[in-house]
Amino acid sequence: MRIDGREAAQLRSITIETGVNKYAEGSVLIAFGDTKVLVTATVEDRVPPFMKGQGKGWVTAEYSMLPRATQSRNQREAARGKLGGRTMEIQRLIGRALRSVVDLQALGERTITLDCDVIQADGGTRTTSITGAFIALAIAVDKLAEKASFKSYPITDYLASVSVGVVNGSPVLDLNYDEDSKAKVDMNVVMTGAGQFVEVQGTGEESPFSRSELDALLGLAETGITELIGKQREVLGQAGARIGEGSR
Amino acid sequence: MRIDGREAAQLRSITIETGVNKYAEGSVLIAFGDTKVLVTATVEDRVPPFMKGQGKGWVTAEYSMLPRATQSRNQREAARGKLGGRTMEIQRLIGRALRSVVDLQALGERTITLDCDVIQADGGTRTTSITGAFIALAIAVDKLAEKASFKSYPITDYLASVSVGVVNGSPVLDLNYDEDSKAKVDMNVVMTGAGQFVEVQGTGEESPFSRSELDALLGLAETGITELIGKQREVLGQAGARIGEGSR
Amino acid sequence: MRIDGREAAQLRSITIETGVNKYAEGSVLIAFGDTKVLVTATVEDRVPPFMKGQGKGWVTAEYSMLPRATQSRNQREAARGKLGGRTMEIQRLIGRALRSVVDLQALGERTITLDCDVIQADGGTRTTSITGAFIALAIAVDKLAEKASFKSYPITDYLASVSVGVVNGSPVLDLNYDEDSKAKVDMNVVMTGAGQFVEVQGTGEESPFSRSELDALLGLAETGITELIGKQREVLGQAGARIGEGSR
Amino acid sequence: MRIDGREAAQLRSITIETGVNKYAEGSVLIAFGDTKVLVTATVEDRVPPFMKGQGKGWVTAEYSMLPRATQSRNQREAARGKLGGRTMEIQRLIGRALRSVVDLQALGERTITLDCDVIQADGGTRTTSITGAFIALAIAVDKLAEKASFKSYPITDYLASVSVGVVNGSPVLDLNYDEDSKAKVDMNVVMTGAGQFVEVQGTGEESPFSRSELDALLGLAETGITELIGKQREVLGQAGARIGEGSR
Amino acid sequence: MRIDGREAAQLRSITIETGVNKYAEGSVLIAFGDTKVLVTATVEDRVPPFMKGQGKGWVTAEYSMLPRATQSRNQREAARGKLGGRTMEIQRLIGRALRSVVDLQALGERTITLDCDVIQADGGTRTTSITGAFIALAIAVDKLAEKASFKSYPITDYLASVSVGVVNGSPVLDLNYDEDSKAKVDMNVVMTGAGQFVEVQGTGEESPFSRSELDALLGLAETGITELIGKQREVLGQAGARIGEGSR
Amino acid sequence: MRIDGREAAQLRSITIETGVNKYAEGSVLIAFGDTKVLVTATVEDRVPPFMKGQGKGWVTAEYSMLPRATQSRNQREAARGKLGGRTMEIQRLIGRALRSVVDLQALGERTITLDCDVIQADGGTRTTSITGAFIALAIAVDKLAEKASFKSYPITDYLASVSVGVVNGSPVLDLNYDEDSKAKVDMNVVMTGAGQFVEVQGTGEESPFSRSELDALLGLAETGITELIGKQREVLGQAGARIGEGSR
């Protein structure tokens, strides 16, 4: 039995509210238990300098925690004058993961920026961010499709992410902060609607882990992500209808 | 008649939700129409270096806008590596205003930090922030009073803020963004529950203004702030009961 | 009677010396008592990126204090690697105030930068800067008028600034540092030659202030600014002859 | 057949030279083919602020590429004034990996810093760095053991790292730059002498990957790491004799 | 004949005004022709961290040019967020030169900071700064001697600096900006009252120079510095009486 | 007799290895005793903004020390977020010195960047860097000459550098770190193959020095540089054959 009474393979309560920002092309407030992330998608008709003139688009992400998203207050990175290593690592991960299900050629010379702002943190902020960012992205692309004519639909598959770890000797799904701080292995997995891996990041800082532990964790992750993608389909409804159209 | 149908002396719809963050000592989500600000109050048992050893406390504020709080996306200050002048000016104003109703001696060697994060901006983000920050501060001090023994109650009066301006030749209260961008005079006023001024900041960049315009604007501000303080009293209820106790 | 023997409505000794820099298009060394500010005006045939292609000009200001302008030495902002909030707030104020009396359309695609460097500080550095910067600006525009043909004269009115405050319970004009540090209310006012307000910034950090105190302070400020604009007219002489020409 | 004629499971030519810096407590110049990394280990009798007073030590890493380590010259991060996201991500990975085989309690209040400077880059700079950094660390701890009396030997196991990926549809070991830029899946694996995983980081930016591909890659990585640890044992000789002593 | 009519070995008009800042322990406004530098000396009863606990003092300098000290306006280093290489090089030179005539042991645990702010630049700003900084330093130490009891007088000799260079094939003394920009060799020399060298910095970027040119330049520099030290003696008068006392 | 047994006029053991980087247009690993510097030359077909459209090229240098190049570890400048004054001063010196023997007109619109990374430091890192950078530059220009057609050969003479100083009262050549830290005078000299001076930088921080000491040091430097240029000729062989061709 886990700290909060969940089964090993049970996600926390997942809530997803869309349309939470009146300006953004896509927006979502997503919660994995007490972890709450506000994601906005911004579409701009230009690409970064290194992408210019290739006829392709770009998808990127920025990640930030509000200073009091955590138990004790953290200094703002804007006040410190630089982004920390953890922030950079996470926003690189989010962007990379989303691009794996976007056909940048089909998107055309546009940039979509996913801003993931953690309102409250209780473990799993990066997996919550990826899962929510996919929804904001999908809404923005669906809206874009109304005016732009894509030669094929730019989103090629669903995408979600969850954490898994070994806590008190047992593999568990979707760790909260208490579990995370006791985990001997901590893994973040990103998968597509087709059940393929996009990112597998497992770390055994406290102690190394075996191949069989790794296998058990990957199984749990697959279960959780399948469930999360189910929720994404539900929330997106018609806005998700054309996802993967080009791949079929 | 104003753009959004309001009377000259009418506030936008004001909503205030407290307890929105499970970690912060005080928290509030406040909206002046479509301007939404999340404020958390953090209490720490230390003071900044320049205050050390004086037996007094400190109250300070930080202000930030989420990148897509506005019509088009703004680059994060953390990514640019420094705070802009507008941000600094606003957070200095918020801190200064709040300190005017706090007895730092009575507070003791503690720092209360008010983090004002603008979720969505439609004019008046600084006045919304001040009005909300006062509530988060009051909740945090009320909670602190349960364990700390103050020689007198540290909050000496209520405090709220509103903007006023001259739009299309008429003085109006609580400008939204559209009005703000057309205003020939723009003024932010901070007042106490006792009806005294704490800050008066009027600017006529587009064109200078006369003494009689100034008088009309101050009158409107007083009306608006009285109404806002009424709402603060309602929201705080018992948590506001001891405010001003030391001054009576 | 004030600390330095002045009457409540009496300015400090004001001295103004122009032509103090052999390179600048306009320059002035201005003193309000022991507060001394060196201002240079630089005219450049380009505008900042956000103003490009509008056929309009720009007027901006930068403000800095030499490290030993004050009683104890302050670290240089260049050495700290960033501008402080106070500096940003003041230079935004100076630029905004000057632009209120400049017809940017008439100026054409040029930038005029007013550099205000405080050589010695004894209270009122921002009001001294604004009053001096107007003179340097007027000299630069007068010189520019010799070669450029303006469709109307770009400076529309005189402009000066002074501080007022409540010290020992009485409203006084043009506070020096000692008075400033004891003032319960501190207000900076910027007005035009026509007696209109451009900026009114009143702060009661120590204690809030009443409407009647505000009224008394505004009256004092008007007196002081009228006197300062008289001195500006004298110093500028023929160089100020065309000011406001377009507005008549 | 691979671009450079290697078998799928074949490492590049590995060379390791120790004692290359006369000041450092441990140093090594390691090459995986044309990727060359200079690593120094520095032992200091203090710990970072967040570790103070816990009686434990700390192991951390810094990573940098010389500007012309690559085909075209990269701007120095010191000249840009900040570390890039990739650098931060890699140096966090190196430090975390090394700490997994160090008993920080046994190390005592000391910091060991591993500086990994890439002299020449041809793919796999992070895996080369980890493999070399372990050697420099082991030499430094062996030297430290001569004067310090550890209650148990602080290094608990060997540790090495290698990259694997899917290139032209086939899983291959230890990718060079040409292979890396064509790989559809790219994975970095860190393992211990006991054959346990410490880090598994797999990314399918170009296209997602299946569970069976993942399994094949993990198998290849195990082969390569076993071989690398064999080379580490050889190079360290007597200096590695006490590794894992405390765990036996 | 030189551009401005001077002889080869003739200094520009040198003016020195002391006591120009009411707060600083020493201050001087020094001009070498149109090059004008304001120098203040600040005495503080502490030393930088790397000097603590040695019973010795420290002398350091900071150098800055006002943005419009030059023909065209330069961006402020505070606005750029960092000091340029030229500024750092010059301020290191000034500090090092002054320390050569200060007995840091005799000074005791104090820091004297010389702030050299270039009001107007026409060549030779570093030599003007050094020559002026010595005077400000001497005044500050003389004032300090009234209350502190030194075991020997901390200033061991006079010190001044001048530039020399080869212009139009001839060695000349104290170059102005026009000469400096045409010079094939440019040299800055710092010497003591005893005629010893403290710094010799000669550069032939345009073209290398011979030993005989070097000899001629050193001779000119000696002439100029002797004259400058004469002027320093005159200006300091009684305040310079104890200089070198400890060395006699 | 010197600490390491050398004669006063004897260089340390000099070793020079070229072709140490497979990507750079020129590269060299040069050692003056235990001081080891890796230099790469990068040729790019563009010039910095301030040189654009003049038909001329540019030669510049960057200098850095690996953190453990010295006895105790230094923090990376990239981690501190800015270049130190010493680094800036040295890289400006290296670039300036090299440009004195390059005909920028003949080079055409190209930039050659010399990256000098100090692998190990034992005194004389700047002189070792200049001497090595000349070799890397010469190799890069020789290679460039194969495809580019220069109207005259861009390198006009050989160039090397050495340090000299007064240690224990005697002038000595090529100081190691121990000598350097005891030297009362420290001088760096850069000379050409024709025996002309390019830079003479002498500093007597500990104590001033006389003209006769200066003369003795300059003589020693000439001896050392002549020997170093002999070694450069040997190493470059045919690659140096055209140096100075245009000047003959």
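Each chain gets a letter, A, B, C, D, E and F, in the order it is written, and its residues are counted from 1.
Please note the rule applied: a residue touches a chain if its C-beta (ideal position, glycine included) is under 8 Å from a C-beta of that chain, and two chains touch if they have at least 3 such contacts.
Chains and their UniProt names: A, B, C, D, E, F = Ribonuclease PH.
Since the structure is predicted, the reported quantities are computational estimates derived from the model, not experimental observations.
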item: Any chain in contact with chain A as well as chain F; value: D
item: Superposition rotation for chain C onto chain F, Cα-based, multiple of 5°; value: 120
item: Identity of the chain that, by mean CA position, is farthest from chain E; value: A
item: Chain whose average C-alpha position is farthest from chain C's own; value: D
item: Approximate Å spacing (C-alpha centroids) for the pair chain D, chain F; value: 34
item: Cα-centroid distance, chain A relative to chain E, in whole angstrom; value: 60
item: Geometric centre distance via CA averages, chain E-chain D, whole Å; value: 51
item: Two or more partner chains touched - positions in chain C; value: 81-83
item: Cyclic chain order when read starting with chain D and heading to chain F; value: D, F, E, C, B, A
item: List of chain B residues in touch with chain A within their complex; value: 21-24, 27, 34, 38, 40, 42, 44, 62, 64, 66-73, 76-79, 81-83, 87, 113, 115, 117, 119-120
item: Of all residues in chain E, those that touch chain F in their complex; value: 82-86, 88-89, 91-92, 96, 99-101, 157, 187, 191-192, 194, 196-211, 214, 218
